[in-house]
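So, here come the structures, one by one.
Okay, so chain A shows up in both of these, paired with chain B first and chain C after.
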Partner chain A sequence: MSTMKQSNEAAVQVTGLSKNYGSVQALRGVNLSIGAGEYFVLLGPSGGGKTTLLRLLGGFIRPSGGQILLHGRDVSEQPPNHRPTSMVFQSFALFPHMTVAQNVGYGLRLRKMPKREISERVDAMLEQIGLAALAERMPHALSGGQQQRVQLGRSLVLEADILLLDEPLAALDAKLRKEMCLELKHLQEQVGITFVHVTHNQEEAMTVADNLAIIADGELVETGDARTLYENPIRRFTADFIGENNMFHGRVVEVNGPLAEVDLDFAKLAVDTRGQAAKVGDRAAVSIRSELVWILSPGEEPADALQTMPATYGEAVYLGLATSHVSRLANGDTIVARQISRDEISNAFSAGTGITLAWPRREMRLHLS
Partner chain B sequence: MGDSYSNIWSYRLTWLYTLLVVFTLMLPVFYVIYISFNQNGFGARDYVFTLDWYGDIFSDLLLLNALGNTLILAAITTVVAVPMGLVAAKFYKTTRAKLFTVSLLLSPLFVPSDILGSALLVFFKNLNIACVSIGDWLGVGWFDDWFVLGYFSALIGLIIYTLPYIFVVILITMGRYHEQQSEAARSCGATAWQAFRQVEFPQIRAGVFSACAFTVILTFNEYTRTSLLKGGYDTVTSVLISQMLNEGMSEQSYAMSSLVSFIAIAVIGGTILYTLIRSEGLGREARAKALPVMSS
Partner chain C sequence: MTRVGNRVDLSKRGGDTLRSPVPLPRLRLQRLLSRLLFLIPIVFMVLFFALPLALTVVWSVFERTMFWMEPGFTLFAYENFFFSARLNNFLSSMLHSSISVLVSFVFGFPIAVFVRRRVPQVARHRVILLFILPFMVSEIIRIFALRPVLQRTGLINNVLLEMGVITEPITAILYTPLGVIIGEVLSFLPFIVFAGFLAMEAVPKFVFEICDDLGAPRHRVFIDIILPLAAPGIFAGGVFIFVNGLGVALLPNILGGPGAVNAGLIATQAITALDFPLAMAISAIMMGTLLGLLYLGHRLFDLTRILTPIN
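Right after this comes the complex of A and B.
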């Protein structure tokens, strides 16, 4: 992580922000704070309201309620050209009748900057984004990755305080997307301004983000850095959305200090509450990451720190690096054990065999909401 | 077309057929042009080439006046109706009530010209009577002649008539425009007007200019609505038609018709040529610039 990230000033401060399209509530009372100089990612499923939130920040749509502060200034009533933001779109946003250099210099020309200075800054920016050789090309003669870099250049050259990116890499193929992710990350570290990046791609999000917010169904579900959200999610939705988790549903039957006992009907699990206020009778979910689950060899005695559970073996799904072993629990739910691919395990069980699954107790997570 | 397996002769025949159809459609126009150069005029046995009739246009005050009136009507209709069509097309792209908007805007197309013309005629007459009576009642007279038939009423008829065409022509070119570009311009600091002027307009310019040319041609062409609403003024079409209905067209009227056709053909042909040459040029430029990619 870079060094100057955690300054106290918030670049974006959003309170009670909502947006309705007719009867559709696209965003409901979102509160969010993004620190200056952070690379912040809005991640969530399709239709969750990510674009809506980003466009509200950029001033392209009017909020139905709530307040937006950018660097402490209320901009709720300001049009896009009066906000300290600049936006990068998914595609088709370059001006097709202008060359690469003219596209990048557009905002500077609007500021009536002297021609010499414009061309100096444009050249420097093209150098920085690696497109110096293509300055005189028209946008239609560029590849998708080059087009997105021109968009970045066009925004960054303005030295706006906040850069908004709406699925900037979605139109690129998987390999190029990976490269561009790292490029974006490094670019952000160089220029040091706040990036707010929307994506529904988990890997992309985790590659670039200092901090993430999960947005679903018009609500902000949870925020945190990538590791926290992956390893220690509080909300059930987060556990379901990030990584690959096995989820058990039941009720709290006993609370004992930091431990809550959750009854799943066919088994009981004792799980750390992680500070959540669990009460007897609460509906609860328990999650465990699939890569932490494995199949005990026949006759193996499980260590004390392990939670075990009987299951019926189903099938192995080969995914290259890892293989997912899919089994069935006593109540019929599936459970996945994901392990580095090795022939010994993959061929050891046949469908319908009774097996025992095991995982570390302390890795189980209780979700009350 | 040499790069596919399709029969070269079917391609040539298609072209031949198209040219034949266009030629057939234009034949009467060519005939009028042919007559306009004949010393002896329409239906004469002997053909003697002359340019005299063209000279006579300029001494025929009736025709000159009519031409002037038509040009004024065409100019004002274009200046008023094209921006209206542009605004309507922009509104159509953002509104959610698309069906309603498009039905409303295209409805003048579905009303026969004589019905729309006479409806407007009755409407203006009644308005005029109302204005005069209210004026009498108030004891003032300065709005007595607001709705007397004349330029103003003819213009309203023409605007109603041309607006649907303008709307459609502009909308078609706007269809290829991506709205994100305006948003990108806004986020670069452009005002809404600058974004329109510098980013959107250059891309829909062809549609706007076509709409202008179309409006002028439609205005020249229109007889029914204009003649019902024009009051005492003459237009080129009304003069030609009244001549035809009476003693037959005068020789200089043939010359005038030919002149108008020449100008129309020159304008449209010029536009097409310009567009072709330009797009060819842009294509060559783009190919020249598409050098091997230096960085991925």
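Right after this comes the complex of A and C.
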């Protein structure tokens, strides 16, 4: 298998792609480019259109509009087997009446490859996915993770350039899912082909992805690598969907160089526009990650770089590693301060106490859309 | 806070139960009744199904008397069956039943596959229901209605004569094995549709998507995937048709003729002739055939898989 990691060629180039089911628009004018050799994740809530996009790439459904180029070739009207793609379904998607080896080799058998060559390739693939010892097992005698590996083998043995993975780990339990995530990532690095992976699980997405696209309501919301989307999201939806963010809603009342002043009725926040064209009167949201918010000790003087806000303490929710302190702002909205669990903070406040919250000003993010 | 309130309510309800429990004898009675609910059908089936069938074998070696039979041991009934035209009739009715199974499969299974793959989920069971409707008409009427269609001066012959396709009426379609086979397919086709549909329900939808992804041509999908996965269901439907083809006397009685007699009709005739040991022997032979088929099928396909979609 060729290694073409992160070359400039686009493996997937999608323009204006739409899909309607009757009057329902499952996908609306999506533009997307995925580089060859990239591990790309389509992340979004259920019913948002990410699986529709993947199935359009694989050729299982026909687009209502737009174009799909795979490695520069227009495949919009091509059936699945005429595309340089191979699909991995959820973990139980195996032929139940065939052994592991037969499952992996069936695609090659359809290509009328000589029997010797099939068994050589299947053996090599089983070796690679660590199932050589289970070649003669039936799928029902395998664990969920093993079944998923057989699926991967069945797809990879065809040497497609692009592997499409439709919620591949959804049927696995949390612990196994974590392990399989890393395995997938390492496997992709080994084989060097493009992986396009659909999931609604944020942690899974961030573990495996070189780049992600957030897809919701049939639209592509935002693309970027995991760190960018987590720390520096542009769209309001992204900030709401990724991580755990506190969100304030208001209007831009003043634009002053790189800073926009947003009026929340009960407070005013000066936020970096990050290059967005903010105009006075625009509706705007300001977000701050909950782990960057903390409660000032009584009498503590906040540093200049900190934004402070008065609030009424509500309750502490213990989550193991972190504790979420939920408070109410002057307008009744909740705000969460998430801190590493320590007894002295967790037990320090009782419900109804007036407190002051603080966070670094430069970490606040303005969202105009 | 509501949660706390609920919890209080629950504990209160628990306390009430403790204070006024259901009287113990009534509880015992309930348990007994629920056990009887399962026991009664079992007793019924043993008494009226398993026992008589076992006794068939015993009775088949009894001595024949004028109007009934008396205890004894003789293989005369079996001799009477195996060394007469009855054996030939039995064997040819096996052949005709096999043809009916084959024709029913060719007609019926594609319907099952079609319904599973192309009919939307909501409409699927309605379409299958259409195949139950013929059963609402009494079988004897359904079969008898074939006569005016198939007979010498019947619908088919008249139409063909009028069109000039034939000059002499075709007599080969009624009172012949062909007539019986037509009747059997008509009567039993739904069973292969049901069995096939059930078998196809057990084939997960993703299987077809994998096939699309791999670019499997239709005939390969059918041979490599659908047939092996649906085999237990098809086999069960096939056995049902085969056994009924052997056993239902009504069909050859109305549609058959000299060369078209099945085991059921032979047994009926034996009963009419008051030769009860012979009728018992024929029943025993049919039962043996069925058990042999089921054993074979179970070894080949594991028939418990028929019920997979219900799990």
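Remarks
Going forward, the second predicted complex is superposed on the first by the 362 of 369 C-alpha atoms of A that agree within 3 Å, B and C clash if a C-alpha of one lies under 4 Å from a C-alpha of the other, contacts with A are read in each partner's own complex, and residues count from 1 in each chain.
In this text, a residue touches a chain if its C-beta (ideal position, glycine included) is under 8 Å from a C-beta of that chain, and two chains touch if they have at least 3 such contacts.
What you see is a predicted model, and the numbers here were worked out from it, not measured in a lab.
The superposition on chain A brings chain B into a clash with chain C. Taking chain B and chain C in turn and counting the residues of chain A each one touches, the greater count comes from B. By the touch criterion stated above, A:Gly145 is placed in contact with chain B alone, chain C being left untouched.
Residue contacts after overlaying the shared chain place A:Pro96 against chain B and chain C alike.
In the superposition on chain A, contact of A:Lys175 is made with neither chain B nor chain C.
Within the superposed three-chain model, A:Gly58 lies in touch with chain B and with chain C [touch as defined at top]. In the superposition on chain A, contact is made by A:Glu136 with chain B only, not with chain C. In the superposition on chain A, no contact is made by A:Arg116 with either chain B or chain C. Within chain A, the residues touching chain B in one complex and chain C in the other are 58, 60, 79-81, 86-87, 89, 92-93, 95-97, 106-107, 110, 154, 158.
Taken together, the chain A residues at the contact with chain C in this complex read 58, 60, 79-82, 86-87, 89-90, 92-93, 95-97, 106-107, 110, 154, 158. Put simply, chain A touches chain B in their complex at residues 58-60, 79-81, 85-87, 89, 91-97, 106-107, 110-111, 130-131, 133-134, 136-138, 140-141, 143, 145-146, 151, 154-155, 158, 164, 176. Contact residues on chain B toward chain A in their complex (touch as defined above): 178, 180-181, 183-192, 194, 198-199, 202-203, 285-286, 289-290, 293-296. Of all residues in chain C, only 204, 206-207, 209-210, 212-217, 220, 224-225, 228-229 touch chain A in the complex they form.
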